[in-house]
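A short write-up of the structure that comes next.
Each chain gets a letter, A, B, C and D, in the order it is written, and its residues are counted from 1.
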Amino acid sequence: MALDKNQIAKRIAQELEHNTYVNLGIGIPTLVANYIPEGIDIEFQSENGVLGMGPFPFEGEEDPDLINAGKQTITTLDGAVLFDSAISFAMIRGQHVQLTVLGAMEVSEKGDIANWKIPGKMVKGMGGAMDLVASAQNIIVAMMHTNRLGDSKILKKCNLPITGKNCVKKVVTNLAVLEITEDGFKLSERAPGVSVSEIIAATAANLIITGEVPEMII
Amino acid sequence: MINKFVENIELALDGVKSNMTFMFGGFGLSGIPENIIKELSNREVDGLTCISNNAGVDEFGLGLLLKRKQIKKMISSYVGENAEFERQMLSGELEVDLIPQGTLAERCRAGGAGIPAFYTPAGYGTEVAKDKEVRIFNGKPHILENSLVADFAFVKAWKGDTAGNLIYKGTARNFNPLMAMAGKITVAEVEELYPAGELDPNHIHTPGIFVQRIMQGENYEKRIEQRTTRKR
Amino acid sequence: MINKFVENIELALDGVKSNMTFMFGGFGLSGIPENIIKELSNREVDGLTCISNNAGVDEFGLGLLLKRKQIKKMISSYVGENAEFERQMLSGELEVDLIPQGTLAERCRAGGAGIPAFYTPAGYGTEVAKDKEVRIFNGKPHILENSLVADFAFVKAWKGDTAGNLIYKGTARNFNPLMAMAGKITVAEVEELYPAGELDPNHIHTPGIFVQRIMQGENYEKRIEQRTTRKR
Amino acid sequence: MALDKNQIAKRIAQELEHNTYVNLGIGIPTLVANYIPEGIDIEFQSENGVLGMGPFPFEGEEDPDLINAGKQTITTLDGAVLFDSAISFAMIRGQHVQLTVLGAMEVSEKGDIANWKIPGKMVKGMGGAMDLVASAQNIIVAMMHTNRLGDSKILKKCNLPITGKNCVKKVVTNLAVLEITEDGFKLSERAPGVSVSEIIAATAANLIITGEVPEMII
């Protein structure tokens, strides 16, 4: 069965490495914080100026002066620190943040990502995404495999204006885990109960498949 | 000590005119200069170029200036919260320059720091790089970005003193310290105003030299865009 | 929380080798990492490239490394306090790259911030501009300067916590926060070390993400170069 | 009679304008702080990271963590602020500091200044001087008119490696006040009791002299 959003987040959480700083984008990526594996120390950075983000506040304790990049009220943990937007992006551009997880509208087999604009229709802006994808050492995309019309978001080439070139390393969707290799998308895991042929059918790009494709362990 | 205190918002906004370029601190609705924005929305100034990470919401923040069509051009990184904004942009009524958030922050800082241009990898290979110089450093392509300055920079701080020194709270800091540096005239409104000497000089985020006028703000509404909580 | 605490100076300096590039915070003798410099002067490491605003005095600070000829090259802005330095430089034993102080500060910050190069007016028309690209912005010539990074950056703070967050005191801040950003491995020694959570997150000067190791310093001598006073 | 160092500082203090930020170099410039005219509010910036410098500390109250750019122990006044070297030079490069007063070895009639290096002999470095002279809107040089060998420091062209080009606006020496105009040095004041011909004799550059040259009022 295809994963739900929480299960996608849970699968991505398995990628977290001990003692690393991580930036989580809006949407599914935010959910990753709920599934940090035992024994793994992570600090979450939010590009609006906080490192060491904690869970949402208890009801009645929301502070309008303490939000994340999704404008959600948050809390901070021991060891947290606040800073301005220039220092925040110094962390990002200077590659001090090891992992970025973000959503996407499209990902290409070269690792290009599009997630900021649908010309003539939706123009929300790139926010910090262009800075993040241009500099992060490791970028994982969390998204549904297809859009609302059922079209594949895994493409040979992005149709939408891109956010960054050759930057995505891995994609986790409701159907599969895909690694981006020099030769394109490698299908490395499939959602429990989802067959390789179902994934191929839902994917516009070519998939490199070598041997048995294991099921994800969620 | 050079005294930056102004008694009221009229003095704070002295010299504000149509067709000027303004910077506004804040991220979403957090840390925006509420009093100044409200006052501007009551004035007959238009044709404005506004540099701000976001564009407020429909009935608050820069949304107030958008509604009255006072803004000719927005320079922002993310404008997704404002339906009227999207309408004006898609219809062509509003000019919009969308900039990667880190580039926006650094361009403001550079403007204040006398650095006319710098190279960044953000936006390479995208629309943002159009007509911009590309240069390879350490094997990686970067684009040249120019600094930004403004006729007025409007910022909001938690605490301030009469010397113009500012301290921000939480994530309400965001773009405020950078825009404070980049205003030809920087006007700060603060929640708490102290006589010079009351704030610890080690803890000041924006040195008073960057601030030309400081005023006491009032009636802060501090709207929350996404009230997210957990149960006890 | 990511724990940066190291128990002793051996762990703090793990990986230090000859022929590396080091940054040292401090201005004159104020805010220098005394413990680390002393330890380095007792080790068999040489051929070092040292980036530091100054070069210490004859018997203290980086003067200790100069005396033992551990330094191959100095990158500094002002070295006037050190007779041995001047001797080694004029005799050609020591390579020296003198850089305008503001350019040095900004090059370190740029190195930490992922900005490979920027334009500054400082040094235009002087020896400093030799072989550097010149470009006119706003009618004024500027030169292109590259960022600096180091294998190790050694900094000294007043207070620190186990998450690596740092707070400096007075003018002992100077280059420390900028070099902290630019070290591949940044080691901080602090006068007062606290558990994470004890320092106000609004008041931290260097976020812990820039610091890989933090240690408790001891026996700070804090020499004063020019003791100037007035009578009561 | 030629001025002493304190009198040079006193004459420069007359140039201070109300509500301005001023950076004073090492040597004679530092003395300017002792002669701020009544009713003039000034804040002194020191490029090592302090704004709002006060007088030297009382004996026994020296703080090694509070020094100026000359490494002298200082105090701070109400409204003072401390910052790092990048912010300090943002103030300078960004032209937030209105006036810079500094010493020199040579000044040319084009406003070039040399004060950081004597090749093969003295190489102390430029410190913050190159940043200051490249960006300050107003630069006044405080120095002796001649060097220890009696040679003029007021030159048609600098012999030493320069610190900055076309930047000095005014020079105050023990003998004279000189303004730098498009056509070169204009002799605008002479030290009390010092004649125009004495100044001409001590000066290697041409001097523009129009009408009576008034005596300085110290």
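One rule holds in what follows: a residue touches a chain if its C-beta (ideal position, glycine included) is under 8 Å from a C-beta of that chain, and two chains touch if they have at least 3 such contacts.
All of these numbers come straight from a predicted model, not from anything done at the bench.
Visitor: So the centre of each chain is just the mean of its C-alpha atoms; given that, what is the distance between chain C and chain D in Å?
Guide: Chain centroid spacing, chain C to chain D, equals 28 Å.
Visitor: On a C-alpha centroid basis, what's the spacing between chain A and chain D, in Å?
Guide: Measuring from centre to centre gives 56 Å for this pair.
Visitor: Need the CA-centroid distance for the pair chain B / chain C, whole Å please.
Guide: Roughly 32 Å, centre to centre.
Visitor: Two-or-more-chain contact residues of chain B, please, as numbers and ranges.
Guide: 106, 109, 113-115, 120-121, 168-170, 202 - these are the residues of chain B that touch more than one other chain.
Visitor: Going through chain A residue by residue, note those that touch at least 2 other chains and give them in order.
Guide: 82-83, 86, 89, 92-93, 135
Visitor: Classify the inter-chain contact topology: is it line, ring, star, complete, or other?
Guide: other
Visitor: Name the touching chain pairs, please: which are they?
Guide: A-B, A-C, B-C, B-D, C-D
Visitor: Help me check something: in the complex, which residues belonging to chain C touch chain B?
Guide: So the residues of chain C in touch with chain B come to 106, 110, 113-121, 135, 137-138, 142, 146, 167-170, 202-203.
Visitor: Over in the complex, which chain A residues touch chain C? Could you list them?
Guide: Residues of chain A touching chain C: 19-21, 41-43, 45, 51-52, 76-83, 86-87, 89-97, 135.
Visitor: Inside the complex, what are the residues of chain B that reach chain D?
Guide: 1-3, 109, 111-115, 161-163, 165, 181, 195-197, 201-202, 204, 207-210
Visitor: What part of chain D is in contact with chain C in the complex they form?
Guide: The contact residues of chain D facing chain C are 46-50, 55-74, 82-86, 88-89, 92-93, 112, 116-117, 120-131, 134-135, 161-165.
Visitor: Using the touch definition up top, name the residues of chain C that touch chain D in the complex.
Guide: 27-31, 53, 76-81, 86, 89-90, 96, 98, 100-106, 108-109, 120-128, 158, 168-178, 205, 222-232
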